[in-house]
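Next come two complexes, and both contain chain A; in the first it sits with chain B, in the second with chain C.
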Partner chain A sequence: MQDGKTPISRRRFLQTSMAAAAVGAGLQSPLVKGLVPRVQAAGSRPDQGEITSHFTACDMCFNRCGMIARKQNGVIKKLDPNPKCLKSRGMICARGNAAVKHIYNPDRLKYPLMRKGKRGEGNWERVSWEEALDYTAEQLMDIAEKHTRCGVMFTPGVDSQARFVQQFADVFGSYNITNHESLCLLSRNRAYLDTFGEVPYPDVLHSRYIIIAGANPLEAFITPDTTDLIEAKKNGCRIVVLDPRFTRTAALAHEWHQIRPGTDMAFFLALCHVIVKGERFCCPDKTFGYDKFVEHVAKYTPEWAEKECGIPARDISRIAHEITEAAPRAMVYPGRRTSDYEDSTQIRRAMAITNVLLDNWDRPGGLLASREVGVRSPFYHIPWYDDNPFDRVEAGKASGLFDDIGSFQLMREAVISGEPYPIRGWFSFKTNFMQTAPDRQKTIRMLDNIDFFVNIDIFMSDTAWFADVVLPGNSFLERKDPVHPLQGSSACACAFIRDPVVEDMFESRPPFWILQELSKRMGFGESFDFTIEEYRKKQVEGLDGALEIMHRDGIYFNPSKVYGIYAGSPLKTLSGVKEIYNQRYERSGDDPMPVYRRPSNPPEGQFRLVVGRTAFFTQSRTNNELLTEFMEENTLHMHPESAERLGLKNNDLVEVASRAGKDRLRLEIDEGIEKRTVYMATGFGSLSPQMSLVYKKGASIAEILEDTHDEITGNAAMHETLVSVRKVS
Partner chain B sequence: MRKMIIVTMAFLIFATQVGIALAMLDGNPRQGRFLFRQECRPCHMENPQRQPAAEYLGPDAKRQAEWNEVFENVQALPCYEHWEISEDLLIHIHTYLYQGAADSPTPERCG
Partner chain C sequence: MKKKYAMVVDSSVCIDCKACMVSCKVQHSLPRGHWRNWIKEMRPDFSLGKYTYGHFQPGNCMHCENPTCVHACPSGATYKDEETGIVQINEDFCIGCGNCIVACPYFARYRHPVRRVPDKCDYCQDRLAMGLQPACVDTCPTKARVFGDLNDPESEAAFLLRTRDTVKITTSPEDTKPNMYYLASTEPMDWPGEVKYPAAHSTMTGLVNPLFKIAVGLSGLAVAAMLIRQIFSGSQSSEQEEKKEEA
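Now for the complex of A and B:
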């Protein structure tokens, strides 16, 4: 146990202290300069004009925290939190604050562009919207004619208007739609869906005992969980963190265990071994396969687990007893980005089953079911094309593939092979697989089989850089968006809208408008013949006064039931109860209960690469003047003993190489990381010169990570890559 | 013990039903989605576009076993006489609803 240990080096402590002293002395550190508008900093007259306030919701990550934009003389000066937004507990983070530099970023795409040279060469020509839209429509229809409607794949990003891209793909006739989720959380979703019948929301605030493994909510924010975790601790909740790194979340915890990477399942099976032997455990008549599970975990003793995961057996037994005592107000935190190992669904199944044993489903301090928000999805007709193939292109490639999302990596494989049928077009909206998907060179190779690629974004992302047509979307602060429903655990079930705070800048346009214009040119204009106002009204039919409340408060809350939603009704599993033993897995040849597989140890001289993110960035949205002041480039974290063995020093430029590729970045000596593991953050090493703040700064995870995926869902397996590290002279 | 026997029996019956249903369901769920939205959904929505108006209905409105029950006796549905599709296309709708049922691997709420 590393109770209370704070592995901060003397050097880093001094650096931090010096920086604080500099700020205190009024010196112009980069951070201070960034936060003071330049005009005022230069001593000019303060801005004149009335300051107006406008409700909106943040788009710097997926959380959608409520915001109030303060505007003066037509310019957004500041973004404040909406105190009425319970989901974000009336707060916004550094990223939310920095959205002022998102909208006014000089790197923004300003007008439609068409590629003139080779892909990735950066030879662009400015064209009119008419020209860009005509050409895009013509190319998409040409592919549809030659290769069927499914010959175009669609990748809508996280956005309130992504629903319209989904609708566009549906009406166009392609079911090859995927998104970032297969690089993120599908294995968690699969595990909980197959155990409880739905994906839960953790009631962190009311919990008394939380184990966090494979998650870092103090940096990779989830609202309200992140703020609730701090509040829960104040209220006496015990927090246990398992992580190969001493993360910010580990720093908050009562105890941190430096678990060997990839061995979380061993810990949880041993935990279950102890729990089922105790007097207090859940009600077996509300589970399926409990008795088989008791037999199954008999061999997974704490002593066995200690040898696998490195956590002392006595601690495993103690934690099992403590969490059982706290149950049902206790949980294994489900986390979010679970794209780590080839058996990541089974690892999360082990965690989900632990939650079953804690009997915390649908109860305060446990795991909650989705609450009723009441926002509807307006109906639209879809066509049928007899020549379309039977199913999506990667269907059947993974036993637990989600029909509606699929897997980017498996789809990429199909595009490269041309099997079972060709995909020759790509329509991307706000996704950046060149920066986020493992094996970037493979994504580039995929483009050899893509005849036409159109990308809508507000920046020239690495992915846009390889497109044929780049269309400038507008930012969330310029948008009129449909009603966006949100789940907020026990805090709320809510919905918000966005109206433009400022007008569209340059020649940027709303994605909805782009889709309307394309649909007219492609012969299905009637499918998008509505306004956002009309659409919103259909969404909130039955929610009296909801739109008025959203205009008045910036957010609408549905006072729906929080706990006991099932109230004795069957769960949405095959058996109608919590499935410890999963029948579908048995049929598909997967282990019906999680079976531990020892992860491979890195050979001498190699390391396991783990990736994650900081509180400042959201994957590929790092190109922000305010935020890069916190961290100008990513570094490779390595334990001092490992570095010494390799003759490496702090800040050395190193090359990190895997079987997929290699990249260069600076070394950061980190006493808090496991000795055979190295870590780097996402979002750097950009290929696109128009991401000027991160262009060739640090390294990209996409360049180094190998193309491996979870066997059940096709979700990326980002912690399976072994790397070698050498100093670059 | 008695409870265990009942649960085991229930499971065997359930598994048999599911097994039979799975063996039968060789329709095209994508085509089923199109047909469902064309034939069923316009009436089965909160603000129906066609008559006879009915409650919201999407794949996740029922469990897989319940969809099998519905299609075992499909002629008994009050709306059956209003349908304009041939019997041989029903398998596609059945497959679509079954595969997106509330207890399916990918529950689907129909927009």
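Now for the complex of A and C:
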């Protein structure tokens, strides 16, 4: 405006002319027709810039589906599936699509924070990385000196860089490492390890008959199982679902049996009863304890099971006949989250033994052994510290505890009691026990004995909210990650890498960098004195051209053997064959074969609480505006008859109370749920105001679930809690 | 050759995961609470006991052969592209009357809360131009949605239509002739609403329209005058202001 005129800006000009043009109807005027395209080209739609595509892999859950990020003007605009990724079958789910609001989320942690007030009060001070790292290193070393290095517990989450946290803990010298797995799948792992010698991959795609119990694969995505289940169904596979809830999996199954919660073992023992009677089972010589088992299941008749689980005896017999007809291309789906009952491992053992009888091990349409991916784990030296205690803190507290993972709940118990030795420090990376572990009040109480708590995450999770130092990690789209090996059932054995699609936002940093900086300050910098490139090279030694292929296609496939991997060689069990009768259980005083225990019946007015999740949330990772549109808060599902008896109506605000705690949420009348069972989804009722979309929205499972665990593994038992429900006026 | 884009959906494999809805929402930066596509759900009949089933039905604008939304548009902003069969919206010509929104029996349109114009599925024409499938099709885990050109006999969509029984979700009394086909059968079928043309609509299109054409001519003149002024007064300062505004 140098010359004093008020030139009409192009935008104003366009607004005016468009308004003028818009008045018209018909648009036959040649003048308008000729003029408008040129006006548009002149800039009513500013040039958007070139779209570039970048391979990456999703990190919105554990599956790691292949992705292509579309970037424009330095911003990730869209995430598309990598069609070459066989594991994910060229798809990404709602959560993967919503990852743009994972990275571009106003709630992201932006810089290191240190607690000023009391824990959980939310009084934070922004500090420099230098200050945060110095303080963290000093605190961890201080605990190491006072209470030995095992005095710090480490909880690495599911992440491609979690391996570095594990390495950090090992080199630092603590064996007290646990992760989310003791809230999830350890009982399944134990059951299958103790039957087949390893944890199998179900070959869903080639199966002809699948029984799904205690699993919901059409909502809790497992790739490729979820997509393969649908493909198998198209190819004629029969799907039988047992579930107290009418899940999406039940909705698309051929038959759905509303089983009484906690009685799955009765069904499977009766199924075995019929199968062994039918003498269709071909290979008792490849098993240990078959004869004992035949005797064992003699009393578990379908008629007996009907009374326990509510599924008619004739259906049990029919299913047994049908599935043996389809065997060996038939299976009981092993599932994933099996943290449900105090005898979860035994329940899964009953399912594993059914699979033994179907003779489906290491065969098409059955349960597959681990395939060779060929990616190595580079060696690192683990030092010896003389003053360290003999074993991890919860050692011996459960007969089948996993040495390397342990149990969060049993560890928490040990921290609270200070026995057998004190744990005074907590190093958490991307785990959120405040939202996911039963009995939140107990987790809060555990913090009374923790002198120093550092948390690395990309959000101020409920767990981070109680930390002393909060360090902002970067997101998977900003990362350079090591090679990540994966098996996708019969689909593939594969590996991928991630390179940054965009730069680190704010002051967030890669976990690897944080660990490097801490290790330098703590005197073991040489253990992390390498680059990710150097590490990757060591990982793929012997796999010619693998890294180049990962760069070119976003994924590398190893065409390794799929079926018949064992080829007659012994299994990794004590007997070397499939253990129907488990010898180790006999020694540890556990039932060597699964013995049915009736779950407690909820007394009048009470309900059994079962928990789960939808296809669009990964457990407590709910704080995403694209996903909360489908569910802004969780609800308590209750059968209409039960609701009527309590005088409750849809959408009533109710209080759900157990012996552990209580929380409030809205009631949802659900005709598809068993009458004495109520259900709620994980990931709501957040304590952290910086999980702004779910803060105080709905109820938290962690608040209500009682502290019970699987007797063999110490895995959480999330379906043992009985609750009362009342209307809040 | 002219294209006839359509969608053939196998709703029996839809697992209601919402991937298509989020993919679409991200692709088009849709506002909260509004969608260009959907997954409908039948009400299960629990009296069927163990045979109780559910059925989920993905959908979006059906790019009808008889597009009632196009008929309802008084300004010509909404039109069916003869080259592709895509029902398009030229926002620059939209007067925001909302007639097209109520004229669509599938509720496929909504009024954008910020731009105040109708918005709906355009089969992701920006992605098509890049050689990509529409966002909802590309991401679908079970590949329930198949998109393609029915005029191309080699396309999967044309193949499915040729070899499989399909149903369409139609409306009466006015048949929209949708270009959305469902394999075998689908549920629910009874959800479309009425085709509603505003009362003034016929009067407007039949009577007032000629007058509007004159108005268009006049406005065109005004546009030309503005342009001439812009060309002659295109000083440095206006360019600066323009940059500032675009930034």
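Things to note:
Keep this in mind: the second predicted complex is superposed on the first by the 682 of 729 C-alpha atoms of A that agree within 3 Å, B and C clash if a C-alpha of one lies under 4 Å from a C-alpha of the other, contacts with A are read in each partner's own complex, and residues count from 1 in each chain.
We adopt the following convention: a contact is a pair of C-beta atoms (placed from the backbone, for glycine too) under 8 Å apart; a residue touches a chain by one contact, two chains touch by 3 or more.
Note that the structure is predicted; figures quoted are calculated from it, not measured.
In the superposed model, A:388 lies in contact with chain B only, and not with chain C.
When the two complexes are overlaid on their common chain A, residue A:656 makes contact with neither chain B nor chain C.
Of the two partner chains, chain C is the only one that A:615 touches; chain B does not reach it. Residue by residue along chain A, chain B and chain C are tallied for touches, and C comes out ahead. Once the two complexes are overlaid on the shared chain, A:197 sits against chain B while remaining clear of chain C.
Of the two partner chains placed by superposition, only chain B is touched by A:404; chain C is not.
Looking at the shared chain after the overlay, A:79 reaches chain C, while chain B stays out of its contact range. With both structures placed on the common chain, the touch criterion links A:259 to neither chain B nor chain C. Of the two partner chains placed by the overlay, only chain B lies in contact with A:378; chain C stays clear of it.
Of the two partner chains placed by superposition, A:367 touches none, neither chain B nor chain C.
Residue ranges on chain B touching chain A, taken from their complex, read 3, 11, 14-15, 18, 28-31, 33-35, 37-38, 41-42, 45-47, 49, 60, 63-64, 99-100, 102-103, 105-109, 111. Of all residues in chain C, those touching chain A in their complex are 13, 15-19, 21-23, 25-27, 32-33, 44, 46, 50-56, 74-77, 92-95, 130, 132, 135, 138-143, 204, 208-209, 212-213, 215-217, 219-224, 226-227, 229-230, 233-238, 241-242, 245-246.
The touching residues of chain A, when paired with chain C in their complex, are 1-3, 5, 7-11, 13, 16-18, 20-29, 31-32, 35-36, 39-40, 43-44, 46, 51, 77-81, 89, 91-94, 96-98, 100, 218-219, 221, 226-227, 230-231, 233-234, 246, 248, 250-253, 255-258, 315, 615-616, 625-627, 629-630, 671-672. Remark: chain A residues 175, 193-194, 197-198, 285, 376-384, 388, 390-391, 400, 402-404, 538, 541-542, 570, 572-576, 583-584 touch chain B in the complex.
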